[in-house]
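See below for the structure under consideration.
Labels A, B, C and D are assigned to the chains in the order they are written; within every chain, residues are numbered from 1.
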Amino acid sequence: MINKVVSNADEAIKDIANGHTLMLGGFGLCGIPENCIAALVKKGVKDLTCISNNAGVDGFGIGLMLETRQVKKMISSYVGENAEFERQLLSGELEVELIPQGTLATRCLAAGYGIPAIFTPAGVGTEVADGKETRNFSGKDYLMEYAFDADFALVKAWKGDTAGNLIFRSTSRNFNPIMAMAGKVTIAEVEELVQAGELDPDHIHTPGVYVHRIFQGEAYEKRIEQRTVRKKD
Amino acid sequence: MLDKNGIAKRIAKEIKDGYYVNLGIGIPTLVANYIPNGINVELQSENGLLGMGPFPFEGEEDPDLINAGKQTITTLPGSSIFDSAMSFGMIRAQKIDLTILGAMEVSENGDIANWKIPGKMVKGMGGAMDLVASAKNIIVAMQHINKAGESKLLPACTLPLTGVKCIKKIVTELAVLDVLPEGGFKLLERAPGVSVDFIKQSTAGKLVVEGEILEMLID
Amino acid sequence: MINKVVSNADEAIKDIANGHTLMLGGFGLCGIPENCIAALVKKGVKDLTCISNNAGVDGFGIGLMLETRQVKKMISSYVGENAEFERQLLSGELEVELIPQGTLATRCLAAGYGIPAIFTPAGVGTEVADGKETRNFSGKDYLMEYAFDADFALVKAWKGDTAGNLIFRSTSRNFNPIMAMAGKVTIAEVEELVQAGELDPDHIHTPGVYVHRIFQGEAYEKRIEQRTVRKKD
Amino acid sequence: MLDKNGIAKRIAKEIKDGYYVNLGIGIPTLVANYIPNGINVELQSENGLLGMGPFPFEGEEDPDLINAGKQTITTLPGSSIFDSAMSFGMIRAQKIDLTILGAMEVSENGDIANWKIPGKMVKGMGGAMDLVASAKNIIVAMQHINKAGESKLLPACTLPLTGVKCIKKIVTELAVLDVLPEGGFKLLERAPGVSVDFIKQSTAGKLVVEGEILEMLID
């Protein structure tokens, strides 16, 4: 067994430097690497390019890194719900590349699977297609999209073991497993870190070979963006 | 004229037994409330869930269990969880039978614009471009006319496009319409109390009216 | 919940006809759809094109369909261990297309994910590249390979539920989940069929949306190809 | 001169702590028996397993748990199971640190042939083409000369290729050699009792010999 355990978020991110490209797992505020984000804010590393489906909200998630002006560019599919984000974007402090959510996901998968490019119909005939190669297969047009190239992937799992194997819980899975596969260096924070052998090999979502560092996170806030409920009859 | 719930009710009648359905944010989300009894449907949420259930009871919210609108939800027996690549994989592979989403504009050749208004803060397309480019069967829930009375069913979209030649059916506060393969909006039904003439006035794109147009049945 | 249950293998395969292209899950004899193969032999459907990593052995697996001359063409990565296969191949009765195992797997994945073509380095500079488009990405050559197009996929899972969700056991997973995603019609046979709701949504390998028919198989033989053991000290 | 176990022993010394390793069928499989103590390694089996363990005890064979050679095996703590697409995904993405496989011929520019002999029944390439095209670090375990005394380290392969310009290190019954980026086999070590002259005679491709060539240390 190859041991991937590091002591905490600070140690896990110690070689993330100014100008790096990071992938951050999560959908909205669900399944985001809270501990790694806090450590990045503390470290103060800047000029980061962040690949993440969303950009957090004011005061939470990637929103925290926006407040400290650490992000140079966001690559996302949807960036609403964040006033500071909007301010920086409109003032030209922040660069944003918007790409379709499925394209974002598939470019992660392609990186993790060693596939340099794939074809998707998303964005054909729209401004997303500008400058891209279009190709027809069986009468339908597709865009060629490239695998992402990220220095680090920061992901959050529910359980992990010392060998780096990860299991995600419910819809907090989202982009986490595919970003875990895509990072040149992948850092996983987990709610519960167990010994190798305690997880069922059949239930592992991300094999440890894709994970370079793992630690047990602390004080997960797991903020809810839209609390929707129904009343009991 | 239909309200939002009326549009959702009418769309719900298009759902067939055994359908996997993706519901967009807004009016489409309301459709889930009107799926007829005896019709078995599974709802897909593109953040990675099949078999989406209703909102949780108060106090039972799970921050790890949300839908694509970031709302707390529940699962149902038979549901499954997967990552975002598989989620859009099943969308692209047309395993989802029906996609219902909103639009700002639709053109008479089936183009749709629903993600960007020049000059306004752009939030992003989310999964909309993937959905419209991939789905075999899309119903658009939208307002026929804006607050100024201007038509949103156009000869050509004026806003940046989300997808081209992909919309086949539209349900508005005024009517149900098909987009014809050769171009044009074919009027199928009119909302209660709405005249064909009013629909004609309210449709800037080519409107095709053939035979008697019946008032739609909702309840 | 959308119910996918059919009563048995005969019902599941009833519309498989002469000339169809089938995918069959399994690696060697591990995780093969034993009940579906038996039903195909019984039905006597012929001129089949079979996409399967291997071609079974004499008297078991796809070997049974070879004995009855039901297979026109095999698309596989490795076809050893089968004398009848060799005889038919050398006599010209059987057509064989050999493709690299990873290409086979990725062409399944591409079909299931609606990606018409992908790029892989496997086979560059070899006879596998003949007639294929070669393309350079970042200094390395890749072949363009197309998604498979199969009429039916026949897969074997450990557990399944009435909604068609599948869970595989150990290395009998292999090609089964990716073929399940790739078939126009996917038929799953399982060792244990349970009610929807009995499987943990987080542990499902193949979501039911990919499965059109499911049934509980019977009398699994699970033959071992190479029984290798060690002695207790 | 080394026997098969000797070749496996010598290759085992190339394995570093923390390596993920894919072992091919034949001599490479034997390497697992000689991994030094204190070296933590995980073995990948391309049918879908990381963390492959030894053969099971008699009576504990599980037909659902086999390796790429279809042999019954076991798992170890920390192992994981995945489908064939992910298995070759991690191979293509170079997450596997070292691939060890056999060869019929290797050329002085690093081409390898190991899957097909014209005129003989062709069984297929299995995962070999994916492995050689993807791995960043490949060691070939092979016989230097065939039974007729003819070299299998050639200026150019005569058999159909498995991959081009991909082999960097070779261990044979006679020697350890690197394939130089500019072409040529660089002699690094000789097997016990084997002379440099004999290796020269046994190598049809360009052989580069610089300085003193030491006898390899195995045990």
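Definition applied: a contact is a pair of C-beta atoms (placed from the backbone, for glycine too) under 8 Å apart; a residue touches a chain by one contact, two chains touch by 3 or more.
The structure presented is a predicted model; accordingly, all values stated were derived computationally and were not measured.
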| item | value |
| --- | --- |
| If a chain touches chain A and chain C alike, it appears here | B, D |
| Pair joined by the larger number of C-beta contacts - A-B, B-C | A-B |
| Chain at maximum distance from chain A, centres defined as averaged CA atoms | D |
| For chain B paired with chain D, centre-to-centre distance based on mean C-alpha positions, whole Å | 56 |
| Centre distance in Å when chain A and chain B are each reduced to the mean of their C-alpha atoms | 29 |
| Cα-centroid distance, chain A relative to chain D, in whole angstrom | 36 |
| Residue numbers of chain D (touch at least two other chains) | 49, 75, 81-82, 85, 88-89, 91-92, 134 |
| For chain A, residues that touch 2 or more chains besides their own | 106, 109, 113-115, 120-121, 168-170, 173, 201-202 |
| Residues on chain D engaged by chain C in the complex (per definition of touch) | 45-49, 54-73, 75, 81-85, 87-89, 91-92, 111, 121-130, 133-134, 160-165 |
| Residue ranges of chain C in contact with chain A within the complex | 106, 109-110, 113-121, 137-138, 140, 142, 146, 167-170, 173, 201-203 |
| Touching residues on chain C, where the partner in the complex is chain D | 27-31, 53, 76-80, 86, 89-90, 98, 100-106, 108-109, 120-128, 158, 168-178, 205, 222-232 |
| Touch list for chain D against partner chain A, complex | 18, 20, 40-42, 44, 49-51, 75-82, 85-86, 88-96, 134 |
| Chain B-touching residues of chain C, taken from the complex the two chains share | 1-3, 111-115, 161-163, 165, 181, 195-197, 201-202, 204, 207-210 |
